[in-house]
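Comments concern the structure below.
Order of writing sets the chain letters: A, B, C and D. Residues in each chain are counted from 1.
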Amino acid sequence: MTDDADDGADVPPREEFRHDPIEHATVREGMTVGELVAEYGNAGIGAGALHEAVDITAAMFEEEVTTFVGFAGAMVPAGMRRIVADLIRDGHTDVLVTTGANLTHDAIEAIGGKHHHGRAGPHDTRSRAGRRNSADASREHGDGTAREHDETLRDEWVDRIYDVYLPQEHFTLLENHLRSEVFPEIETRVTIQQLTDELGRANAAVNDREDIEGGPGIAAAAHEHDVPIYAPAIQDSVLGLQAWLYSQTTDFGLDALGDMSGLNDIAYEAGSAGALVIGGGVPKNFVLQTMLVAPDAYDYAVQLTMDPEHAGGLSGASLEEARSWGKLEKAARNASVYADATITLPLVAAAARERIGE
Amino acid sequence: MTDDADDGADVPPREEFRHDPIEHATVREGMTVGELVAEYGNAGIGAGALHEAVDITAAMFEEEVTTFVGFAGAMVPAGMRRIVADLIRDGHTDVLVTTGANLTHDAIEAIGGKHHHGRAGPHDTRSRAGRRNSADASREHGDGTAREHDETLRDEWVDRIYDVYLPQEHFTLLENHLRSEVFPEIETRVTIQQLTDELGRANAAVNDREDIEGGPGIAAAAHEHDVPIYAPAIQDSVLGLQAWLYSQTTDFGLDALGDMSGLNDIAYEAGSAGALVIGGGVPKNFVLQTMLVAPDAYDYAVQLTMDPEHAGGLSGASLEEARSWGKLEKAARNASVYADATITLPLVAAAARERIGE
Amino acid sequence: MTDDADDGADVPPREEFRHDPIEHATVREGMTVGELVAEYGNAGIGAGALHEAVDITAAMFEEEVTTFVGFAGAMVPAGMRRIVADLIRDGHTDVLVTTGANLTHDAIEAIGGKHHHGRAGPHDTRSRAGRRNSADASREHGDGTAREHDETLRDEWVDRIYDVYLPQEHFTLLENHLRSEVFPEIETRVTIQQLTDELGRANAAVNDREDIEGGPGIAAAAHEHDVPIYAPAIQDSVLGLQAWLYSQTTDFGLDALGDMSGLNDIAYEAGSAGALVIGGGVPKNFVLQTMLVAPDAYDYAVQLTMDPEHAGGLSGASLEEARSWGKLEKAARNASVYADATITLPLVAAAARERIGE
Amino acid sequence: MTDDADDGADVPPREEFRHDPIEHATVREGMTVGELVAEYGNAGIGAGALHEAVDITAAMFEEEVTTFVGFAGAMVPAGMRRIVADLIRDGHTDVLVTTGANLTHDAIEAIGGKHHHGRAGPHDTRSRAGRRNSADASREHGDGTAREHDETLRDEWVDRIYDVYLPQEHFTLLENHLRSEVFPEIETRVTIQQLTDELGRANAAVNDREDIEGGPGIAAAAHEHDVPIYAPAIQDSVLGLQAWLYSQTTDFGLDALGDMSGLNDIAYEAGSAGALVIGGGVPKNFVLQTMLVAPDAYDYAVQLTMDPEHAGGLSGASLEEARSWGKLEKAARNASVYADATITLPLVAAAARERIGE
């Protein structure tokens, strides 16, 4: 348009800028998930990144790679429990790092509890109590709009997790499970991983003993397949609160540092290492920092996250940033998919399975 | 745990909070996209919303619904061109509202141009020229880090769109196409929709005449199937700049208001109306506001967006908000999926096609 | 920690990586906004970017820079009207590109209408009509939770914009204003800028004539100070709908391309050019693309946005990307602040004013 | 416009929808931060929420409120260290819950280390190794664009945290500090809070002994003012890695559960309780979950976050959701500000100080 642009036409760009055309995705009835992901490979932005994430994940699953899985966010309440349990059962997970919350909700389902489809509540906005007298403020609480949704849930003993509901009674049932099946088997100071392993054993036993449709779940699968589960911040969960309450009256206790030897041994012994990071938080950082005390670093890394990179925190940080720390090998393959992990995790898992033909 | 919680166990919550358990998603090798989406229906957060979006989209496709499609964002450069063109060809789009940019890039491909896979560049951070002397500042530009990526592209006449590259020469080729095949056929004042229809005709003709693999694309499909394309902000694009340049020396011109009669006639005549909103911006608002001057409102609405609701703008606004304006019927079915539309659009399109068995 | 790290201690990094220490922000009672922003300069992430944005904005205000302001999003309803009007009155804006919606809400306030503090509504989640029978579905609408908020607003003729309410009667009052004060003064085909100028004149006249506290606003300030307002997608707004309705029965019409000559003349004549981009969408792109047909490009650019860069669209695109297109000079100073613009716009405006001592 | 709208004009909305007009923010040279925040109170979206957050924070500071502060994200590296240390020194923090990373970087500065202003790196995109042969892939690593930035930093022993650089040598200096001043003073099994207290003592001593401009920092302030610091996931940090390495050869160890008694005692004894949550993650959840085992819940709650609510995880969850769990009192005042916390924390802290006149 401008002279510049005309010159542009006369000076074709270097080959590197034109060797790899976007062919455009296409879809058809009955295509498989793997075929859909192949189409993503013809696209850019998130679709292209997801295609690369599947490539890398399939390589981690197929090759001799020690795979460290980070699993954060409200993923078990949201319905991702079976997918992760199956990744463990099928040998695609060597280490799982997750939150106490995911282990709490996994156990609730193992003993027959259910989460429920609900509705996301109101945004969190000004109470406006600050700008009105208290009579107004109190009236406000019953005005059928903003706050009432969660106040009703509170009255009904239902805890909300975005659009998932959990009746509070399940925490009482979990307490009974922990106090009858888990903690008494320990009665001493153990590492967090030893507790999660014991939890997995007990979840499997109860789930098997009673007629529960939900399946034994993640901790049980890890117990059965000797996959260690690390939960550095376990005290930051209902499971942790129960552990603390039990420790008040017994010799039971948790050693915060003991697990790091086992984790780092695995990192040391890994010939080739891969990270599959689902969500951010402590699980993401703990998976990545392991390489700070290992001779090598990750050869493969995939993250599925929704935290924006510009927030500056680790949860949304690019995997390139991890390269500066030596957490990834310079030549590592890495991909980040910035999209809802409840959508991308099943997509990546299904496509990677199809890719490796299992 | 607290007395509260114990009471909770004694007072089971109302039935409405427990009738609809989350069954957890599961994946397997070779499953179809429709089967994956059925699994999403067992989950919450984005996966659950995506399942509902497919339900509603399939209903729009299958039933007698007049479907208005909003299509914003860098979707054609990113590789979504064929999916939208096919939705038009297969009769699933009655009105398309998009941006001048998507029409520009659609035409570039129609005449044989290609976008290319590239790399996303550096974040946009402090030049630090403000905190250093100009010698430092100039040194900075060659320091091999932040800015160099886009400066190199500039030197090579390559325009970047996130991780998509477009050699600038294609804008010159587009200019030739518009000035030889499109504008001379008009030579008068027309509406924007008349221009996009003429563009579609010319794209199809050139694409057919020459051996171009890329396919004639969106505007051509709309021309062939009598689907009007509205682009209210067409002047905000290279296509619009070319239209303006041409108008300087001819009687050619564009009427900004003329299209609204046709659009509103369609809204008036719609027995049942649906909105499939891909991205935000003008296309989203223009699709929704049409109902402000129609007797009824949308009975179905789906949006695929990445703008956060808390930004407060229309692009990320919930469809519930549109209900307060009367843009959606009170009883309308609506779902919003907050995730990368380059991932969710192919997913929803493939699953909806599988659902209706076409 | 590893041998690597020890080596690291022996091999100090290049000077460029250590010359500019973060000194940490500190705050105290009664500090000015400019003093706060100076503290931001000691910090990184968004605070550091905001400090740079103020530096650049102050330079645009103080030096001989032709300043193009893009203004998108629900900023007038949200309370940003006076800040932008004052930037025009004080000579800090040479061109304003905005949306029809902002002009619509600016006019509503100019004639005495008010927006109101409200509450953000529920998220947009599954209606679950898909998974229940219609009796359930209908019951759902009155269940006091998700949808009721916006249905109540609909019943009360109140339109919601995130947490801002606007009684619908104001649209009727706006219609009267346009049909009595604005359109009859035109009665012919004009450019969009000519309409916005006429609107500003009428807003000022009515605001002055009647005792209205709100002030004449943005369009009035632009009219009085000969600052052109461009709104490429004006038909995508209630103002545009009214313009169309009026055009149905009169000779009134809007020329979509006519404004581009005036805009591009300003760009051509600009010795030094700056872009202050508030929000994304059409205003952002229209401000930036102007330089595609100008001999030079922006020497200064600041954007205040909330769209994530990884969405890939233009709204969240970095200003580095614009450099590849030649929209920014290679040596341009640019900063992007990814945070709520209703917070950052007043902050940047106040600090820039303090910096230049006005 | 439609008959509906005309009716709307005849049926004015209920008083509750019109009693609280938006007056529009205005700014002027030299205004104080408190005056700016007062202007935010005239606005909606994020500005309105921020005004409410300042109201609530000022109430927490002024009244007899036991204040629990959650502090997550890369806030110390980003320059927020002094603000939080001052909140402790001035008696506005009764409990601090943070990450091992923030304590690590706080200690690095206490002993004289510096973080540095740098540049955010490239996005994390496709290596494209998947679509090219390894020769291409290896060439790619030196192509001067995407990856080189972080590879250069790696070669220079510089760790990147978004746009903040930290020379790796500081980790070695931290190791010396911990092994000479901190761990030898313990030599037994302690709680995490006991370690952070000992760290604070040592940071203060070294900082005082040597001529270090940076100030002793957060842990030192907490030690001096008997404010407990809890870091549930301390092992997920360089500080935790060092603690583990030391524990390998000594009797030193960390008890994961021991701190919960002290924390819960504080919650029990709190007459009125407030939560100031900066960032999400473990600190946010740990602050909130404390009320699950306390008789009452938070009366005041403010969160400054960037995680989008639609991600469904706890980090972005609204405080209304916490109400369903009983973590907030039904009548609690709460506000969430969804914007960069490096911008909003200094803003809220300065304005709250001005409000209470200190």
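Here, a contact is a pair of C-beta atoms (placed from the backbone, for glycine too) under 8 Å apart; a residue touches a chain by one contact, two chains touch by 3 or more.
From a predicted model like this one, the values you see are computed outputs, not experimental measurements.
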Subject >> If a chain touches chain A and chain D alike, it appears here >> reply: B, C
Original post:
Using C-alpha centroids, which chain lies at the maximum separation from chain D?
Top reply: B
Original post:
Per the centroid of Cα atoms for each chain, what is the distance between chain A and chain C, given in Å?
Top reply: 36
**OP:** Just give me the whole-number Å value for how far the CA centre of chain B lies from that of chain C.
**Re:** 22
Original post:
In whole angstrom, what separates the CA-based centres of chain C and chain D?
Top reply: 29
**OP:** Spell out, as numbers or ranges, the residues of chain D touching 2 or more other chains.
**Re:** 1, 4-5, 20, 44-46, 48, 74, 78, 117, 120-123, 125-126, 128, 131, 146, 149, 153, 158, 161-163, 238, 241, 245, 292-293, 308-312, 326, 338, 340, 342
**OP:** Give every residue of chain B touching chain A within the complex, in rising order.
**Re:** 1, 4-9, 11-14, 17-34, 36, 39-40, 42-48, 50, 74, 77-83, 86, 109, 114-118, 123, 153, 156-158, 161-165, 167-169, 171-173, 175, 214-215, 238, 241-242, 245, 306, 309-310, 337-344, 346-347, 349-350, 353-354, 357-358
Subject >> Residue ranges of chain B touching chain C (in the complex, touch as defined) >> reply: 16, 20, 41, 48-49, 51-52, 55-56, 72-74, 78, 101, 120-131, 137-138, 141, 143, 146-147, 149-151, 153-154, 158-163, 192, 232-238, 240-241, 243-245, 247-248, 253-261, 279-282, 285-286, 289, 292-293, 303, 306-315, 317-321, 323-326, 330-331, 333-336, 340, 342
Subject >> Of all residues in chain C, those that touch chain A in their complex >> reply: 1-2, 4-5, 44-46, 117, 119-123, 125-126, 128, 131, 144-146, 148-149, 152, 163, 292-295, 308-312, 326, 338
